[in-house]
Amino acid sequence: MSDHSSQSPDSSPEAIFNATSDASALAFDGKRDTRRSFVARLSALSMAIPGVGAALAACSGGAPNASDSSRRPAGQSTNPAGQRPARGLPNPDSRLDTIHHTEHQATTLATGTANATYRRFDPTLPALPRERTQQIHWRSQAVPVRISPEVVVAAWTFEGNLPGPIVRCRAGDTIDFTLTNEHEVPHSMDFHAAQIDPKTAFRSALKGQSVSYTFKPRYAGAFVYHCGSSPVLMHIGSGMVGAIIVDPSTPLLPAKEFVLVQNEFYLAAPVNGAHPFDYAKMLATLPDYVAFNGRPGQYQAEPIRVKRGDRVRFYVVTAGPTVPCAFHIVGEQFDTVYLGAPPANAIHGVQTFNVPAGGGMIFEFVANVPGEFPFVNHGFGHGQKGAIGILIVEE
Amino acid sequence: MSDHSSQSPDSSPEAIFNATSDASALAFDGKRDTRRSFVARLSALSMAIPGVGAALAACSGGAPNASDSSRRPAGQSTNPAGQRPARGLPNPDSRLDTIHHTEHQATTLATGTANATYRRFDPTLPALPRERTQQIHWRSQAVPVRISPEVVVAAWTFEGNLPGPIVRCRAGDTIDFTLTNEHEVPHSMDFHAAQIDPKTAFRSALKGQSVSYTFKPRYAGAFVYHCGSSPVLMHIGSGMVGAIIVDPSTPLLPAKEFVLVQNEFYLAAPVNGAHPFDYAKMLATLPDYVAFNGRPGQYQAEPIRVKRGDRVRFYVVTAGPTVPCAFHIVGEQFDTVYLGAPPANAIHGVQTFNVPAGGGMIFEFVANVPGEFPFVNHGFGHGQKGAIGILIVEE
Amino acid sequence: MSDHSSQSPDSSPEAIFNATSDASALAFDGKRDTRRSFVARLSALSMAIPGVGAALAACSGGAPNASDSSRRPAGQSTNPAGQRPARGLPNPDSRLDTIHHTEHQATTLATGTANATYRRFDPTLPALPRERTQQIHWRSQAVPVRISPEVVVAAWTFEGNLPGPIVRCRAGDTIDFTLTNEHEVPHSMDFHAAQIDPKTAFRSALKGQSVSYTFKPRYAGAFVYHCGSSPVLMHIGSGMVGAIIVDPSTPLLPAKEFVLVQNEFYLAAPVNGAHPFDYAKMLATLPDYVAFNGRPGQYQAEPIRVKRGDRVRFYVVTAGPTVPCAFHIVGEQFDTVYLGAPPANAIHGVQTFNVPAGGGMIFEFVANVPGEFPFVNHGFGHGQKGAIGILIVEE
């Protein structure tokens, strides 16, 4: 955390997740301040389309983009529009908003960009552990992740990857989870499979600190996990997402099982070879890339493979932050889509179903036909940005 | 209504909702004209991304934003691109499009902006009236509504608030409804719980006139109501929305029940302290704020409270005009989500489900865990703009 | 196809749908290259909102919009940012991306724009053929289509219309399908009702060539069909969409049945009287029009008619490419919405349900009330752009 924010008395993890005061300030009021100045600028310039402010500012030689703190020098205490924050109002400069500085990110990546090797993310659902209690200890880290041969992002991660590791357990199992934060930015963990007080369990850890909690997933299903620190949009949008798959007590039919976590990338210009994430673009909801498992188009280059006759089960989790996944497999139809907890809550004979951001659904079919089947986000204005893969059904 | 439009022979309420001719002209052709001129301008300027026209126009000193009639002087009869409308084509200047002038709105608010006090909207579902017939008489009014301590909007409302009052009844009850319009703009009422001829029942009332109709809700559920006058996008987007909750004949399980109406705000620069709504921004679908019950983040500052062990039921209605609500409660899961009429049509074990604009669903769970649980639109590019609240489960 | 791309050794239909290499290059890498140059340009210009690049470029006298190949002279072999493609990387200039030139489209329409007559698209579901095997032979053609009295688009079509013909059959019937391509751009056919190897069956045909395949729909429902050639976004977005309706073995209740295919239009400035489609606007997901059956607002001008007491069944197919359809009928509620294959997989008592892009659902109700009922996409930021029609229930 940069100097002036770490000195702030209310930047402790507890304060950061104090929902009735600080959470409000961080999650919404920081944004409100941004929007207020944004509207003010719009007014001055006699135009009114959000997201276009930056273009106009650039044209007119005006102020830099209000929401893009990445170009503001660290420690500068004016708000984005260059005004002093009003007394008694939340000051987005005093806390988390200040930690998105490009300088900051660029200098605190745990490893060098040159070491970021492109690796396909294995979508295979891990085997179900025999143990009914799992000890999971993860680190939150800022690391460069190569999401394509040409593009490296300055990601905020769980365990150095985007998405984080796939967790698998049964309904009723015990997960003993610890997060140790190795990053200057406070981070936390929100498992959608947990029923637990988020104020305590999902609180933020400062650098060097840890947060631990225990939960027993009640419902089976495909659940998102993500960093829940404010502003959540920034933490989800910067890569701190993944999937926890919870099996029902009575196992589902045997199948070849895969996990697809859809996320979007909103990128700023590269700094030292790595693209920082751009909060203003996240608010404008116009992503540069949309990917399954963090690498746009990776399963086109290196497809997923099954055998003819296999039952195939996709656990589709939409991490977001915003774009839904209209999941479809070209040349196939799903015999079963679980909208809620399996093995109930299913519909049958489905070409495409929508998984909302923050949601997960399970899609299955029997691969009776050999061939090469693209699986896609059929909302192609988004899907064409990288949410396309290939499933090969071998004879 | 401004002079030249009130003199138009076809601006009577009947003509306004004459679906086969006027509705077409108002609902779509007005927009088409706007788009045509927009495309023409794009062509002249050699660029082609919608929503960027205004930025470019501002850069080049070109024409004002075609769709933003708020900057056109009242009574000016050219269309937005400065062309005379073609003969035989609908003329958006002759009717409702002309009534969105900023000047008009700014001068016709029923009360002064200074009197607009910030008040949390009570989300509690009202008690079910004992009577099986309800007489409801509402007024449509333009009033300033303070949606946050700093922001006042020049809202079009039912009964002076945004959203309007929550209505509750049983399936089969009788609702005798009357709307009296106190605003220069024609308004109407479309209850999604009604099965009725909209051409008659949902017709527009001119200022000083009333419209009455009677309906008996057939299906239980959480239904939207909204002004249905053309262009509907403008009337929904300006605040004329709310919820009608219809109980099934056999009551659902006892619960603490709350109503959340999600809406978006698309704001122009303030006039006399109040932001008019901006139709061009509505068409660009990039909102400034997204809120539950009309105040961004209000339930962060003043949470909703229940007791441990309570069954909690949220009636979630997405008024829109456009953004869906991927409803989720951090740290909890829904045991039941009703996709259609309760008590049937439910799925179970759900982390997040999507309520489309113009739709409503019912979400419930038992608050077994004490703590502070944020409820959110998990499409965080939208949710971060204010669709975040806190549910406190007290010991 | 323009000279240099037709000479490309890997532009054969087989190569075009070689999923593990070419499909990757075409579907995603072409886009990636665009995005890379886009980000590079953003960096140079110190701003970072996608979609605004063009506005800024226009302001600053910079490069034309990277993704808008329509303004690049045919045959120019640099990539959009003016750089030579890196060795070993896919070159979007070598293949399909080059065929979107405005010049190209404008000169290859099969018929003149002046001959494009405005015609309402008949939404009536065709009668079920008695034969259990249907021979279908269609042509893919570029033709001008008049989508409103004033607007002509340079559409890519199946059988010269947008959407293409409605197909109807029973589950288990046999469809013998042949596509003959009469257009310089390679095209293909992806029926969502087919379970078949897309690499073979949905492969692209060059001009003058044909592709044939046979399939037996397994599930009943309302299915999309569309051209599956890369980039799919461009082919769907340019008009190559339609619906195939599959009846269940046991017929549904007798009804007046209609098919609505929702699509979006992203238009560039007209060339010789017809608007080419604009790929950059498709990627920005901000449509100019949204329509049922290819003509914005057509069923306002010329409504759909049924009689009081009729059961009414709408097969709603969202072709996209991106915008979902929050389907609603003003003044009515659906007694049944089929989320999956009918006659099962239904929910009841529904005001609005969301049909995702690439999906289809069936909506029905009994028209007990006479009157004029608008049917809409209730996501009105989209619906207001033309996805509004009128259903008249006659006494």
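In this document, chain identifiers A, B and C correspond to the written order of the chains, with residue numbering beginning at 1 in each.
Operating definition for what follows: contacts are C-beta pairs under 8 Å (C-beta built on N, C-alpha and C of every residue); 3 or more make two chains touch, one makes a residue touch a chain.
Only a predicted model underlies this, so the values are computations on that prediction, with no experimental measurement involved.
Undergrad: For subunit A versus subunit C, which are copies of one sequence, does the interface use mostly the same residue numbers on each side, meaning over half shared, or is it different?
TA: Different: fewer than half of the residue numbers at the subunit A-subunit C interface appear in both copies.
Undergrad: Hey, what angle do you get rotating subunit A onto subunit B on C-alpha, to the nearest 5 degrees?
TA: 120
Undergrad: With chain centres taken as the means of their Cα atoms, state the distance from subunit A to subunit C in Å.
TA: 30
Undergrad: Using the touch definition from the top, which residues of subunit B touch two or more other chains?
TA: Residue numbers touching two or more other chains: 51-52, 55, 59, 284, 324, 354.
Undergrad: Can you tell me which positions in subunit C touch subunit B when the two form their complex?
TA: Contact set of subunit C toward subunit B: 51-52, 54-55, 57-59, 64-65, 68, 71, 148-151, 267-270, 275, 278, 280-281, 284, 286-289, 296-297, 300-301, 303, 324, 326, 328, 330-333, 337, 347-354, 368-374, 376, 378-386, 388, 390, 392-393.
Undergrad: Quick one: in the complex, what on subunit B touches subunit C?
TA: Residues of subunit B touching subunit C: 19-20, 23-24, 27-29, 31-32, 35-36, 38-40, 42-43, 45-52, 55-56, 59-60, 86, 89, 190, 192-202, 218-221, 223-224, 228, 231-233, 236-237, 282-285, 320-322, 324, 339-341, 344-345, 354, 356-360.
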